[in-house]
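Below you'll find a set of structures to go through.
There are two complexes below, and they share chain A, which is joined by chain B in the first and by chain C in the second.
The block that comes next holds the complex of A and B.
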């Protein structure tokens, strides 16, 4: 059955496969499960995926569903918290994630941490692990996080019933690094004017990758990149080249809306986007060192605090902004970004505190920006459309 | 002949000098800055950083506590509005928005001086910011955001937050303590570098001893509240909680004040004196109260509601045996780690309740303080304090048949709290508490 599916996949155009996986994310992992593989759900960016791959477990990213009304989660999580996480929990309580063999979650933010424990109380899995993640990138925090990854490894060894071989971990790191490299290649296809692939298409690709094993994802990406190069006719040119920044976007509607009113979303700073793929894992003598650095320091989520060196024992705000957001400068330059849309789901504190600082930095770079807040529902997109249109007028 | 109306809550006399001492620290900190002395703005950090600041003679003020002051004195709204004008989303922490608005006003409008309308003498411009990695994301993101206005350097005190099952492992606990000790050494080096001053380790040890002792006395005081009727109302707890959680000023004087408080509560227990005229309902309160509307609790006291215990996170750490721990930084790490995260993990895991960090202690309190009900106060601007309350409500009922009343509000923003509606709900809730007394009895649950 497993082989049949792969043969079918080879005959299918890569983007058709992407669309199929967006329509039903679980289609492939359910086949794999039937063939004896174990599927492990993970939330957000900090669970170390290489570790799952090294144990021949299939990572499956837990996402929400904007189209599904939250009902079950109402009993154990209030409405004034992250609507995305509420949706994830709601799906779990409705047994939409019952096919998972295990779940790994991490201390990503207050609500993510609380939700992990609530999830664990109400839903039993054969395997569940909660990873703590330090808030700073201080050297002792890095050491502590490496120890945390060791704890995660031990728990998986108990679950699988075998010790991890270093070679397997190194192979897994290479596979995931290959995916990161391919994603960066895919993003390069957004640099031309007009871009060869739209922002909403890229998001669909990333959602698909989060739903299948990494080796299959790499193959899909290779074929997709070739297909995109061969695309005819090319996409129409749109003058407004936008970057989108902020909290999780796991539904194409928001980006489709922006692209539908005359913008090209050519770059992102999102967790289903560059934050998940931009930094590779350095191959260090002890692979856990490279993993710890990449997953604590390399992931640019505002849940982790970074601070610039002091100047004469004082904090320099301009230097602090450069230290925190300097990577955006290269995104803007290389992808020729003309405006930035900062967006967040309502009640996301880690992004909320960041918004004025990011705006300050973009202003310093001379790039216009706008902040949009939404409640993770289709209904909230209509008023945002008007604001995006107004923003595009400013960019003209 | 007129008769003076008796107050519904029988407040402790020994609470008043404690409150006065806490208030005095604001005046002292402003005076210290005028004299050119360093001052820290610190997040409530459960001693871990406070003791080091204290031993280095760096005064500390607590913007969270000041947020409560601004709310209670009706001064918060203008700061909240100012924060919104500065571009911060309005759903963020009320304390943080109050502080950001205050800081923007101080730095942009008042040339770095305390705004003239600031209540209780105001908070002086800080020399250093000490944030925390525990409890909430605002604990460090808020102070990072202050970098728009202040050039004060910032340090974040790390606090590991393991899962309940994972945190039970001795190996995990020891490596987390080791991590915290390393971080504290870095913190000491950071402060010594900023202030060009060496830490007096003997003074640090003495400070920690004083704090441990204040914590022990305060813990034992709260243990006395298990008595029926309860001798001390939550309003007295809230008045006094800043002493142990935000230790500033003369610690030996504070210790004497808390010992006097203990004696008064003990006397009440021995003589059956209640904190309310007639204790009809023993109620627990979870999360921070609406500081702007504390008279709500007086109204409930008139109906016989005695609030006998409140949020675990603001209670002192359970005393632990540190006989063989001589390194003062390790003592601090162990106290804070146990106190804030892992204290109830063992019981929580035994009960299969994995929400040990903030959720489970409510179940433990319900049993120990023989509660009839809980008043849960989700804060519309605080995820950290609210995300688990629906879960707590569910577990209280499933496990112990204890009903809870959910009344939404906010610690700072008075517009988010509807007093009249809350009173109506409370009145109806009495029948529910009465009903569940019978249910518990039928189910063989002890009270």
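The block that comes next holds the complex of A and C.
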């Protein structure tokens, strides 16, 4: 066969927990719900999770399901939009998210905004909040976003029936920052050659973390990091160290396919990956300032246009690229990335705008890249395999 | 020493056998068909016959194309992108952009110093492929191989606005019923396919020399339409169907010569010239 045999590394006990949460994401939150906790679903990266944790609410990230054909969502949403968001809505309409006590959504992109509204139109929850998130990082945008977080806070205060104590919020920030720190430690284990943990395993860890309370996630991560360090035998050496960039990847099959044909996925710029965790919240005198900055400026999703060097009067494309994508340079250097796979679901204009510029930037760095588009289905993976194999042949 | 390249495309299976001086000893083009798992070796046998060689005398076999897995008589599988780039750059050393239009896919390849550096491919849509031309030829009641010469007679090409194969077919038929001359409709169809292909390949920042391969490259109307849109000459090899299989044979040659130069054994598989089964 053409594929390398995918060596399944010896799974650890903490990893069994991760597997379990990947098979059934709701397994833990349903227990917590039975014990009286309230579970709040959230979409994408901009809902401020520290707020939920501070009110003792359990955040649960809304994801799609590549294996479930979209049948209901097309009756209330155009079909030529983000297939990930169509899948999320479809699951909601099929009551797969009926266990949630409330939902927080945000103006991530235009499709996300309208999908949130349709979700709310068709489904009833005890709590619903929609965050308005500016699309630039200009100072007035930051002020407006801080006000929006205040609004989110008051809506939670009326839902829970008590005022937020600032020390509770600070505790929550510390807990979430701890998770970010642990994730960066986990990513350090991808730096050696061969890496100590595969790309598909890391994605499974992050999906698990998006399905349990933050303190339990931190405990899980601590155990995982110890166990991965002690893992024997080591993973096999692969042909190429790749980074994946792009729109949401919430199913391991894409990364498994890449790793199955001989790549090691060692780094990512994805929202179930670095984008969710890389930046910590700075402890500011008013915690809302640190939160606003981290969630608006710190999250590297292309839904936000960076205040670029172009903002100055004189056009300077090279400076603009460096300003927007300079962080990729350190990912590539520190994780010894040999090639980058840019990928996006179809109809994602947010990522589509960014692709030519990212490609130009990577070319400037001398790092080969390819762009792949897929329609968020298992069926679209087979043709992509040839492209990934051809890319690995280029890298040789 | 002889080297074979086998390119199993969606529509056609191509085999090229070369010797170490890169002389083509034999080549065969046969339909792929639904039974390609069973029948690919028959095309190989035919190529061996044509070259008057036994299978044992073939030093190395590289399989490529979408049917490249499940070729029990291949030593190695390489993607069609790498093989096309190798084949085209051997035939045209100055190539920077290669376009291959096959039966159901379109590939654009950026080549620098003979090496593939970037590529684009269509997906899940037959618009702009050989299949598109087949459907349109059928709707217009002409043979697909005649489309090229028909279109050269056109003085005012019809505007086919849709890039969807089915809708383009409807448009063409509606032109027919309005009495639009056949050659103008065919020229319009070629223009539509060229727009689609050029739009895709432009993402690679097209530079000359541009080479067009694949079955559609035999259609002079499409070649002219692409030239017009790119604003530069488009080169076409003598047999544009064979560049993938030729490239595969060239890669096999390279692997063997490199191994011999280093004094290493040739990295062969346990190949067998027979039909593939699901258990092989």
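Note that the second predicted complex is superposed on the first by the 379 of 396 C-alpha atoms of A that agree within 3 Å, B and C clash if a C-alpha of one lies under 4 Å from a C-alpha of the other, contacts with A are read in each partner's own complex, and residues count from 1 in each chain.
Keep in mind that, in the parts below, a contact is a pair of C-beta atoms (placed from the backbone, for glycine too) under 8 Å apart; a residue touches a chain by one contact, two chains touch by 3 or more.
Predicted, not measured: the structure shown is a model, and the values here were computed from it.
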item	value
Which superposed partner A:393 touches (first chain B, second chain C, both, neither)	second
First, second, both or neither for A:383, with chain B first and chain C second	second
Contacts of A:183 with chain B and chain C, given as first, second, both or neither	neither
Partner chain in contact with A:242 - chain B first, chain C second, else both or neither	neither
Per-residue touch tally on chain A - higher for chain B or for chain C	B
Partner chain(s) touched by A:373 [first = chain B, second = chain C, both, neither]	both
Touching partner for A:257 - first (chain B), second (chain C), both, neither	neither
Which of chain B and chain C A:357 touches, first, second, both or neither	first
Shared contact residues on chain A - chain B and chain C	356, 371, 373
Residues of chain B that touch chain A when the two form their complex	86-89, 91-93, 96, 133, 136-138, 140-142, 144-145, 147-148, 150-154, 156, 158, 160-166, 169, 171-172, 175-176, 179, 182-183, 186, 193-194, 352-359, 378, 380, 383-384, 386-391, 394-395
Contacting residues of chain A [partner chain B, same complex]	74-78, 80-82, 107, 109-111, 113-118, 120-121, 128-130, 132, 134-136, 138-141, 143-144, 147, 151, 155, 302-303, 305, 307, 310, 313-317, 320, 344, 346-347, 349-350, 352-357, 359-360, 371, 373
Chain C-facing residues of chain A, complex	1-2, 356, 368-371, 373, 375, 380, 383, 386-387, 389-390, 393-394
Complex contact set, residues of chain C against chain A	66, 68-69, 77-82, 115-121, 123-124, 203
